[in-house]
Amino acid sequence: MVTSSSRQSRPRRLQNALAAAGVSAALVAAGPGLAGRAFADGSTAGSGSGAGKTLRVAMDGSGVDTLNPFTAYFNGALDLFGGIYPTLTTIDDAGKSAPYLAKSWKLSDDHLTWTFQIADGLKWSDGQPLTAEDAAWTLNLIMTDDVAGTANGTLVANFESVTAPDATTLVVKTKQPQSNLDYISIPVSGIPIVPKHVWEAHTKDLKDFKNESTPVVGYGPWVLTEFKTGEYAKLDANKTFLLGAPKYDHLIEQIYKETDAAVAALKAGQLDYIEGVNATQFKTLQGASGVQTAQAVGNGWFGLELNAGAKTRTGKPIGTGNPALADPVLRKAIALAVDKKTLVAKVLDGQGQVAEGYLPPAWPQWSWKPADDQLSKFDPAAANKLLDDAGYKAGSDGVRVDPKTSKPLNLRLGIHSDDTQDAAVSNYLVSWFKAIGINATIQPMSMSALNSDLGKGNWDMLMDAWTTGPDPTYLLGIQSCGTLPNDDGSGGNTDSFFCDADYDKLFAQQSTIFDPAERAKVVGQMQEILYQGNSNIMFYNSTHKIAANAKVSGLLTGTKDANGFYPAQSSFWSYLKAAPAAEAAGSSGKDGGSGAGLWIGVIVAVVVVGGGGVLVLRRRSGADDRE
Amino acid sequence: MSSPRYLVTKLAAAAVSFAVTLVIGFVLFNLMPADPVRTMTRGRPTSEAELGRLRVQLGLDKPLWERFLDFVNDTLHGRLGYSWQYQQSVASLTMHRLGPTLLLMGTAFAISVALGLWLGVRSGWRAGSLFDRITSATALTLWSVPTFWLGMILLIVFSVGIGPIHGFLPAGGMSDPTLPQTGIEHYADVAKHLVLPALTMVLVVYAQYVTIMRASIIEEIGSPYLLTARAKGLTDAVVRRRHAVPNALLPSVTMIFLHLGGLISGAVAVEAIFSWPGLGELTYEALKIPDLPLLQGTFIVFSASVIIMNLLADLAYRALDPRVRAS
Amino acid sequence: MSGLRRFLKEFRRRPSGVAGVSILAAFVALALLAPLFVGEDQLDVTKVDGPLLAPPSGSYPLGTDQAGRSILALLAYGARESLRIGIIATVLTVVFGSLVGIVAGHFGGWTGRILMHVTDWFIALPSLPLAISLAAVLGQGETSITIAIAVTSWTATARLVRAQTLAVEARPFVERARVLGAGNRQIMVRQVLPNVMPLILVSSTLTVAGSLLSEATLTFLGLGNPTDITWGEMLHEAFANGAFTANAWWYILPPGLTILAVVLGFTLTGRAVEHVLDPRMEKSR
């Protein structure tokens, strides 16, 4: 095929053409490279919006679903709203409500009327006055408009009326006494107040209004000046902010789809702050130079739910759950078979706490621990004994048989396929359950598949995790009988089909108790009922892991506990209190700049050479036609 | 076949293709009953009434045939359905993401085609030579690498830095928000962000083009007209440039367009790794819940682009090659 | 028989093919023998006691993963699962693709045209987004990944087989069989299939290569079963758990390199076989 004659002279014309292209590429490459440097010099000198110090943070991995605060669910969006829209109250270091828009508030003797004293003389970022009327309008819209209630409707479900008799007074009347009212409008997880004069025009098309024209009119520590979907949000500091001006002049929230990429950026100095790194990343960053790390106590739990007999509101059994789990002895044995300490040590690499109570340690006001004699300690022998005594005899394959149905204990273990903790923990569980004669089969499912099976009762065991803000009402609510589905399987948002009359009575009671200590006691009793029910077995509370450039200070508030964990941190306070180190002039993260010109040159050269090659080839083919 | 009639036939075929894609897409994504509402609202206090309202809003309460009509109507009006997690029309989401994807894929495509064709011509012309063997071996090896893995390695080496190499390229995204978003500095910045994702795609994809071009050149070498050309006393280089390459180029170009689907596949993984704000990353995002309308939308956009590219390839082929026109 | 001997002789003269076969043989042996030296206990997270994510050492030649399991053991065990998925997907692909190809080639006319149109439609669908969608809709795990791979890759086989079928059917012996009263089925099974078989084999080695890559990619994107042990799943776990940040090269490199080696092995073998069968075919992939 290949004759020797083909190995002759080189194609001079093509080569010349490429050489020419190469030269032009070099020239082009020099252009932007030089220009780039010149520009960079200009911007550090300080002109325009680029002036001042910038805090660069990684946005919550969920990103922003929409900038419309009435319909947004994603944490990335909620974090942004915390910075650009005001709320009635905020949360202090101790996890309690504290003044924000409301300087003070008082409750009427019948516990039904709340009067908030709104700060005077505030202005929205466009200069219009911010008054109690804005708050009243926002809350009323959420109460009356279905679309406006998309994200936060439940928080105002018990509201009778909201009025603003004057610019500095907001009056909220509730249908029933509601003890958590000072928590419903807090930064990030509560209701953001929006400017009436801007939003009034959009009540009709609220569903499709994306609120993306910048600067977004708002009030908060920051003003949103630029937003690029899927890329970043740029914010400027509000130097006259009510609760103290931010120490940085600008805030950039950048989206990294993978935390590893964010960590890489942090290490390379392209990023100042990341929240929510995983155990391995945290451990590595602890040793990295120029990086500071900290852990805050977890605001969520991670655990296992057992289907103790899914029922509808009227008590009709539904779903395909294994009936054996209705036996409290079996559930207790399962609780005893799990070695929570090993999970904390191996899955979390020690970065968390063993969990017993239902509410996470981030909110110590609700914390509850079982008495020593109630504690389910890891004890497979005791678990086996319990099962032996209850008549669960082991079959020839080592799997126990349910004495009531004479069927072997084969249980499904549903896990979230996108959650690495689920996957890691489930491997341990299967092995531990095998040791007590239970055969568990792991079923990885997408979030929506899992949630849909959950609602229908088509499950035996599920790995689950929840986080909560300082008010536990919602998290407690999903364990109440009122959240069970209707007979046709529709409705309800129960989390584990748990339903207990005493629990429900206490749940109703706690929402009307206004003395925090009293309420905590009732909430503690509820957690005890949950603990003994063994339908929700808490495994651990993972810490909230933070990594930041060593040049940023002030990110952490409060004092460390015995484990070295800080109190729960919110993005609202972290970004507000973050301060650049005194002498660390200029922004960090320009390390990449010097190499840029070279690399751009290379790309441009490659593109031009490539393009040139194609052109040359093309032209030749045309020439050939003419010959 | 006359030109206009040919055009009409091809357009009709493309339209039918697209219609079939729509049906396949719809069937695929509506086969399984899915209730995303609990997932969407997870972690937010949501009452049962709100969940119900959300279901109605998303049209989940309607029977299948009604949803299909809605979907066709939606698509014809350029909305492509309504995303579950972003609460906006899929079309507006994909519009935002189209530009970055075109930039990344266009760059990777141009570079890999140029590189692949050039290497293909060289190694095909001297098949069996050392150059050919090295080129083919390199290309085959790179083709066998999982794209995402290569991307991650490049990210570690050039962005984080390893050993003596200091990371000097950005770890993700498309531009540096601290820099102005216009002007030449912005373009340079985007180019810098483009290096790693484009490089990853080029390295994996160019091999295909090498083999395609190499094969066509080898095919041409055997043909009688080349012998004639040589007999006329033309030098080897001239024979190659004037006769072999142009003739081998046409079939190669068509093949290359037919392989565009592979490029798109690469884009999903690469965009996910480098946080490149394009359609691939949107697809990756949609996988988490999974946001079926969004997946359906990106699927249709991807398919439509392949159909359009194939149509263009067909037309270009016909316009360029007189033999096809004659037949 | 002499044909086979000639084939082997020709094949042996292609070093790249021999290299490919050797790689494959090594990995198949690894997969088959893995249970002999990797016990269940080495994969059980509650029974292993290795350090977490530790670099290679005497007792762990390739280091450990986050749960303290030996990477080498996982890699050996992963060979079984990965190859199994790749091969099952390929069998599905090739059987279905060949069936469509032979039927379309044999019947021609409307049947053939419709089948080819369907094939063309599927070719136009971008494979990875389609596979992603399928796997997302069918649910997590290797079954849906296998199906997704098969659905997206049968078209190439179908086209190839159809072309070959047309060529075979034009030959005189098929015509002779038809005259002698052979039915459609008989012709397809007795005459066409044996003559198309070599091509099908070539195409399947290349399909396995593609399947392995697709499996790794789909798994990486989170569509696999995170508790399975495959090479793709190892990479997914490594990535999801921050092994990249930890620079745990011993966790990241081996699964990628084994995928590379096996894919390369299949590709080299396939190409060599292709060339031996048809020396003129220096082209097509």
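A, B and C are the chain letters, set down in written order, and residue numbers restart from 1 in every chain.
To be clear about the criterion, a contact is a pair of C-beta atoms (placed from the backbone, for glycine too) under 8 Å apart; a residue touches a chain by one contact, two chains touch by 3 or more.
For each chain, UniProt lists the protein as follows: A = ABC transporter substrate-binding protein; B, C = ABC transporter permease.
Because the structure is predicted, anything quoted here is derived from the model rather than measured.
Participant: Quick one: point me to the chain whose Cα centre is farthest from that of chain B (ABC transporter permease).
Facilitator: That would be chain A.
Participant: When the contacting C-beta pairs are counted for A-B and for A-C, which pair yields the higher total?
Facilitator: Between the chain pairs A-B and A-C, A-B carries more contacts.
Participant: With centres defined as the mean C-alpha position, give me the chain B (ABC transporter permease)-chain C (ABC transporter permease) separation in Å.
Facilitator: Using C-alpha averages as centres, the distance is 23 Å.
Participant: How many angstrom between the C-alpha centroids of chain B (ABC transporter permease) and chain A?
Facilitator: Going by mean C-alpha positions, chain A sits 32 Å from chain B (ABC transporter permease).
Participant: Roughly how many whole angstrom separate the Cα centroids of chain A and chain C (ABC transporter permease)?
Facilitator: Roughly 39 Å separates the two chain centres.
Participant: For chain A, give me the residues that contact two or more of the other chains.
Facilitator: Only 1, 258, 260, 264, 418, 446, 449 qualify.
Participant: Residues of chain B (ABC transporter permease) touching 2+ other chains?
Facilitator: 127, 155-156, 160, 218, 272, 284, 287-288, 290
Participant: When you check chain C (ABC transporter permease) against every other chain, which residues touch at least two of them?
Facilitator: Counting only residues that touch two or more other chains, chain C (ABC transporter permease) contributes 136, 139, 222-223, 239, 244, 247, 282.
Participant: Of all residues in chain A, which touch chain C (ABC transporter permease) in the complex?
Facilitator: On the chain A side, the touching residues are 1, 258-260, 263-264, 277-281, 283-285, 342, 346-347, 349, 415, 417-418, 420, 422-424, 426-428, 431-432, 442, 444-446, 449.
Participant: How about chain C (ABC transporter permease): which of its residues touch chain B (ABC transporter permease) in the complex?
Facilitator: 16, 120-121, 123-130, 132-134, 136-139, 209, 213, 216-217, 220-223, 232, 235, 239, 244, 247, 252, 256, 259-260, 263-264, 267-268, 282-285
Participant: Within the complex, which stretch of chain B (ABC transporter permease) touches chain A?
Facilitator: My answer: residues 33-36, 38-48, 50-54, 57, 85-88, 93, 96-97, 107, 110-111, 113-115, 117-118, 125-129, 155-156, 159-161, 166-181, 183-185, 187-189, 191-192, 194-195, 198, 218, 221-222, 230, 235-237, 240-243, 245-247, 249-250, 272-275, 277, 281-282, 284-285, 287-290, 320, 322.
Participant: List the residues on chain A that touch chain B (ABC transporter permease) in their complex, please.
Facilitator: Against chain B (ABC transporter permease), the touching part of chain A is residues 1-2, 5-14, 31-33, 35-36, 39-40, 43, 48, 50, 54, 56, 63, 65-66, 68, 71-74, 146, 149-155, 157, 207-208, 210, 226, 228-232, 234, 252, 254-258, 260-262, 264-265, 267-268, 270, 418, 446-449, 451-452, 454-455, 466-467, 473-474, 477, 483, 490-493, 587, 589, 591-592, 594-597, 599-600, 602-604, 606-607, 609-611, 613-614, 617, 620-621, 623-625, 627.
Participant: Tell me, which parts of chain C (ABC transporter permease) touch chain A in their complex?
Facilitator: 44-47, 52-53, 66-68, 136, 139-141, 222-227, 237, 239-248, 282
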